[in-house]
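Okay, so chain A shows up in both of these, paired with chain B first and chain C after.
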Partner chain A sequence: MTEPTTDTFATPGDPGPPGPPSADRLRTWLAARVAYYLERAVDEIDHEAPLTSYGLDSVYAFSICGDIEDAFHLAVDPTLVWDHDSVAALAAHLAGVAAAATDSATDLGTNSH
Partner chain B sequence: MTTRLPDCRGIGEAFAERAAATPGKPAFVFVREPDDGPDTILTYRDLERRVRLCARLLRGRLAPGERVMLALPTGPDFVVAYLGCLTAGVVAVPVPAPDGRREALERVTGIARDAGAALVLTDEPGLEAARAWTDEAGLDGLACLTLAHLDEGEEAELGPGPERGDLAVLQYTSGSTGDPKGVMLTHGNILANVEALRVAGGLGPSDRLGGWIPLHHDMGLFALLSNALLIGGTCVLMSPVAFLKRPVEWLRTIDRHGLTGTAAPNFAFDRCTRLVTDEQLAELDLSRLRYMWNGSEPIHAPTMDAFTERFAPCGFRPETMSPGYGLAEATVFVSLRTAAPRTRTVDGRDVVGCGTVAGLDARIVDPGTRRALPDGEIGEIWLSGASVGRGYWRRPEESAATFEAAVEGEGGRWLRTGDLGFLTDDEVFVTGRLREILIVHGRNLFPQDLEQAAREAHPALTGLVGAAFQVPAPDERVVLLHEVSSRAEPADLPGIARAVSRRLATTLGVPAGNVVLVRRGTVRRTTSGKIRRGEMRTRFLGGGMAVLHAELEPAVRRVLERPLVAAGES
Partner chain C sequence: MSTGTSTITSTATDVDRLDGLLGDPWDAGNPTGFAALLEADEREEMHAESERVLDGYGLNAEFVPVGLGGRLAQVDRLVQVMRAVWRRDPCLGLGYGASSFIASVNVWSAGDERQRREVADLLLANRKVASAYHELAHGNDFSRAEFAAVRDGTGWRLDGRKEVVTNLRRADALVVFARTRPDPGSRSHAQFLVPKAGIPEGALRYLPRFPSSGMRGVQLGGAVFNGCPVPGDALLGDEPGRGIETALSSFQLTRSALPSMCVGVVDTGLRAALASALDRRLYGGAAADLPYVRAVIGRAQADLLAADAFATVVTRALHVLPEETGVSAPAVKYLVSRLLIDAMDELRTVLGARAYLRDGPFGVFQKLARDLAPAGFAHVSRAACQVTILPQLPRLARRAWFEGGPAPAGLFRLGGDLPPLDFGALRPGAPRSDGLSGTLVETAETCSDGVVGRFAARFRDELDRLRRDCAALGPRDLTIDARPEAYALAGRYTVVLAAAACLGVGRHGRDGLGDLDERWLPAALDRLDRRLGGPPVLTEPERRDLEEAMFRLARERHDGRRLLDLTGRAVRG
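Up next, the complex of A and B:
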């Protein structure tokens, strides 16, 4: 049994260089966050698997949204995590939102509450 | 000088009296998220005026004693609506504002029907959804209303308000989705409960109580809001979402608003310990906080200790960590430990002391023989006193069984809490639950609802049985064990398990990272068909259980005495 490397990801981590993040970078970053919340090793997270199938509950869906807002300055609604329910799908969606936001210099993310 | 709470006639009157004593003082502060503009501050004068207008609006539409659903997010409108109902003499029924999830809508629909609600109070953003919901659910005649035009109303004398014995709130925290049960709380119950917490916590008008617990939850509504306002203090609340996104915001609110008391379930303490960074911690001052009530779900001693240690540099004192005990059937508050926490070891597990039972009598009773047990012995916790509710709404038989139990050879009229524990040195220790309720993030859930949702997740589970239970790992984790059709291909089993987790997360919001698929006939039942969940839990924890497939969280895997084995292997 691999112990989860929780300490490494205790904080949202380095979102990387400025500019819109690529889907690849978002994937790595998201997988690390998900692994941290689930107390699993990063390599245990299948990027294509539905997050809910790992038992990721609504409370952590909120936490992930908070992390996304803090790391990438994208306002997201927690329902996003259900609509794009895997690391890969969520990363692809966010990369699109980030690119659009940069292009128009406005925030196209769905504003939460 | 204001009237002592136990002598007040009703909550509306008690609030109005306090408002008259300190009209300019902030009564309610709603903390906005950073991008959402300035905080909303209602002085006692502002709030009392709006409450009176709301009460007048309700009096114009409803007869005394009719039920009003408060389907509002935590915020100023909820506070006005709640006190407006209690001033007008109609019954407030707090519910989570429907968020569109099917299960949430079903639950609210069940509550509307059970309560026989006459009106739904919502807000402008929620009005359309509320109307769509009542139409779709066929709740004809259930009007939806907002408080948007309250200020256009005329101020007028209201006349006499409700009495202590009148119903104030139906609190629907008990009962499964299909069978909701509303605890009937009178004005007298709530006043007595506020008084008990006031005395136990040494609270007064200089206290500022608050946090992120939503107002449809009894801890938010009574322990924070009602307590703060009825002692003439200030209540400071933030949106639960703001906390869930960034747990540090709870602690920042405590610091910025100088809160002296707060409350939350155990998981919130764990979230803060894990997610608040060193940099965030360095800027926090928690030294003005006098109590931090840890309650409404099982308290995990190491979580408490880790929090206290982590936040000691912010001025957080060991005695500020206040494990407490409470339940909706007794309004909310039963006991709170105000000295530094202490534990007793039971079956190798540290059980946390929850302080002295306040304002109520407590007995530990053998649930089988109904005889009172001596100090130190574990039995069911029974309570009696002024803050115990009147019963479950429109359920005379269940009310009699739960609220009017007699101790063998002693009699009396006792509330059976369904919680197990013991008393020692006048302190209550809660060890577990007699009933099979699961508690997830402070929400009570019925295993039947989880098992039903699991069964709907995949055709390979149709017609078979499952058992949902929690295991300490060491904080409580949900395990869903279910029989699977013998026709299911081994290669499909992981997909079936994932479908179950997904279903539980999306329909019930329950984290179920532990799904165990077993052969038909594995789940034990009584001769009457009742699922033996406790026995399945013991067998699961003992290890060595023969399973077809198991998805387990590492923390749960670690607490099994022996690993699970593949069914078919000898």
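Up next, the complex of A and C:
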């Protein structure tokens, strides 16, 4: 499994192995993404701090939502980041969405894309 | 909200009726003609007689969805009606009409049934609703708006200033954009629907009118709210915090429709320039015989058609591809306003001194040029539109361009019926697809011959370049602090989208264009291409021929009393 590194990347990064991502894996991935947009080191990102306190405005919020969709094939509401305004809150919310999406996809006998 | 499927729609007959009521604007004896409109402008007043005619026609019904008793079913048709007003007097276009439209879209998209009913009833009774967003201290940066709404029992109290707001004083109700909590971010604002009737003495103080160089008849007002109480049900939406979301959704409509209305302004500007050039005798002939003058007029005609094609296609996309208008609507605001303002500037040279005179048969030109200027900055500035588009580009480059399919052909069939407008489908955020660019790529693949084929290849190559350049944009370049080079990419992308719209209309929309000379398409594409720079697609003789063809088109339309836009609709003058 290749977790995203602290390197910056212009593409959304490797989401890891198939299957619903755990909240932990999502946290690491999201923190790396936030660090990328802020051009800061990933260990400077406080998982509990409101993203707006970093000056992460609506513009970045849409970009992060797009990245989540592209990396995890989850359809997310574009205003998601406005409502779950920290790495931890967002990861917890997304883990739930991912698990639900996988369940319903399994029910239908399809993959989660 | 869906507008339902009722059959009462704005048809050509509605526009014709309105044009008939307003008469031939060039007729000096017409009480609602240019002579009377210019006099009102000199007095810095709205033209009262024209407002009475618009009341009689019930223009506001164009803004009210069919489901609420109005005539709004298709945005492109609303625009056709509004062009009939804007081509005569942008002060009426904005100050009688479009400002209520801007306010009302907030309510159609976020209001509850009672609020929608209230605004529909006001508009259908010829009343005005003002859209109070702007604070001088914050300009385009409305996420920092300070005007405050604070909870007070079951209601709210409003405190703060709103400035340079159309009809603030004479409107019967206001849609006020206010901060509902101090936190930064995008969940700290809301809109309130505030009927004037409920406001107690002293809670609202009006500021003097803001003097302006154009739109001089429009009441650009300001107000200070001082603990102004409003009931709890004045809030638009179920909960506070939805204000920015509502603005980003509903303004997709206004940011595409208003620039499209302004096509009517250049229609008159071009007509004035042409009439002047035909009438003016110089060097033993008419000014219109001079090749330079013919070229300028031909180019302005091509600009007008390019602007029309792009703006009209995107207003149709609100119905067909609402998931993409978060990008294409600001693209229209950015590019179409520029195309139109530049065209007016070029035409100024054809009129010479007459473009400078404030009365006489061509006095209308200077007024229209002044009135058109706010198209580039009012409601939202062109630069702010670039910043809206910019962060979307890396993702579009990565997953949409050259990947997704073309837009549905019906999008481009101008004049054709559309599915109902679904306000709920207009969302902020990052589009996943780009049907217009898909149409460009498809056209480049299937049509490789002739001049149009060369242009399709040219714009396809530009999209390819954009894909490379945008995929490489760093995080800082996606924000307000982006380098000018990054801003320029957003600008180039809007040109590619406009070209795609023109190609789509050329390909799928011929039936809607009547007898329009087919050379409109390469002429419009050439004008767009010149904005990108680079090696010309046309040889000089080819360009001269196209410009001459567009001059003749303008001349025929002018002599035959038809609009210069893609509809070519017959008018009184």
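Quick notes
The rule is short, and it goes like this: the second predicted complex is superposed on the first by the 97 of 113 C-alpha atoms of A that agree within 3 Å, B and C clash if a C-alpha of one lies under 4 Å from a C-alpha of the other, contacts with A are read in each partner's own complex, and residues count from 1 in each chain.
Everything that follows uses one rule, which is that a contact is a pair of C-beta atoms (placed from the backbone, for glycine too) under 8 Å apart; a residue touches a chain by one contact, two chains touch by 3 or more.
These figures come from a predicted structure and were not determined experimentally.
When both complexes are overlaid on chain A, the residue A:Asp83 reaches chain C alone and has no touch with chain B. Of the two partner chains placed by superposition, chain B and chain C are both touched by A:Leu38.
In the superposed pair of complexes, A:Thr102 makes contact with neither chain B nor chain C.
After overlaying the two complexes on the shared chain, residue contacts for A:Asp70 are found with chain B and with chain C alike. By the document's definition of touching, both partners, chain B and chain C, reach A:Thr52.
Once chain A of one complex is fitted onto chain A of the other, the partner contacts of A:Phe62 extend to both chain B and chain C. Within chain A, the residues touched by chain B in the first complex and by chain C in the second are 10-11, 38-39, 50, 52-53, 57-60, 62-63, 65-66, 69-70, 78, 82, 85. On chain C, the positions that touch chain A within their shared complex are 143, 183-187, 244-245, 248, 387, 391-392, 394-395, 398-399, 427-430, 432, 471-476, 478-480.
Of all the residues in chain A, the ones that touch chain B in their complex are 1, 3-4, 10-11, 38-40, 49-50, 52-60, 62-63, 65-66, 69-70, 75, 78, 82, 85, 112-113. Taken together, the chain A residues at the contact with chain C in this complex read 8, 10-11, 36-39, 50, 52-53, 57-63, 65-67, 69-70, 77-79, 82-83, 85. Per the touch definition, chain B reaches chain A in the complex via residues 33, 35-36, 239, 241, 244-247, 267, 271, 274-275, 277, 440-441, 478, 497-499, 501-502, 505-506, 509-514, 551, 553-555, 557.
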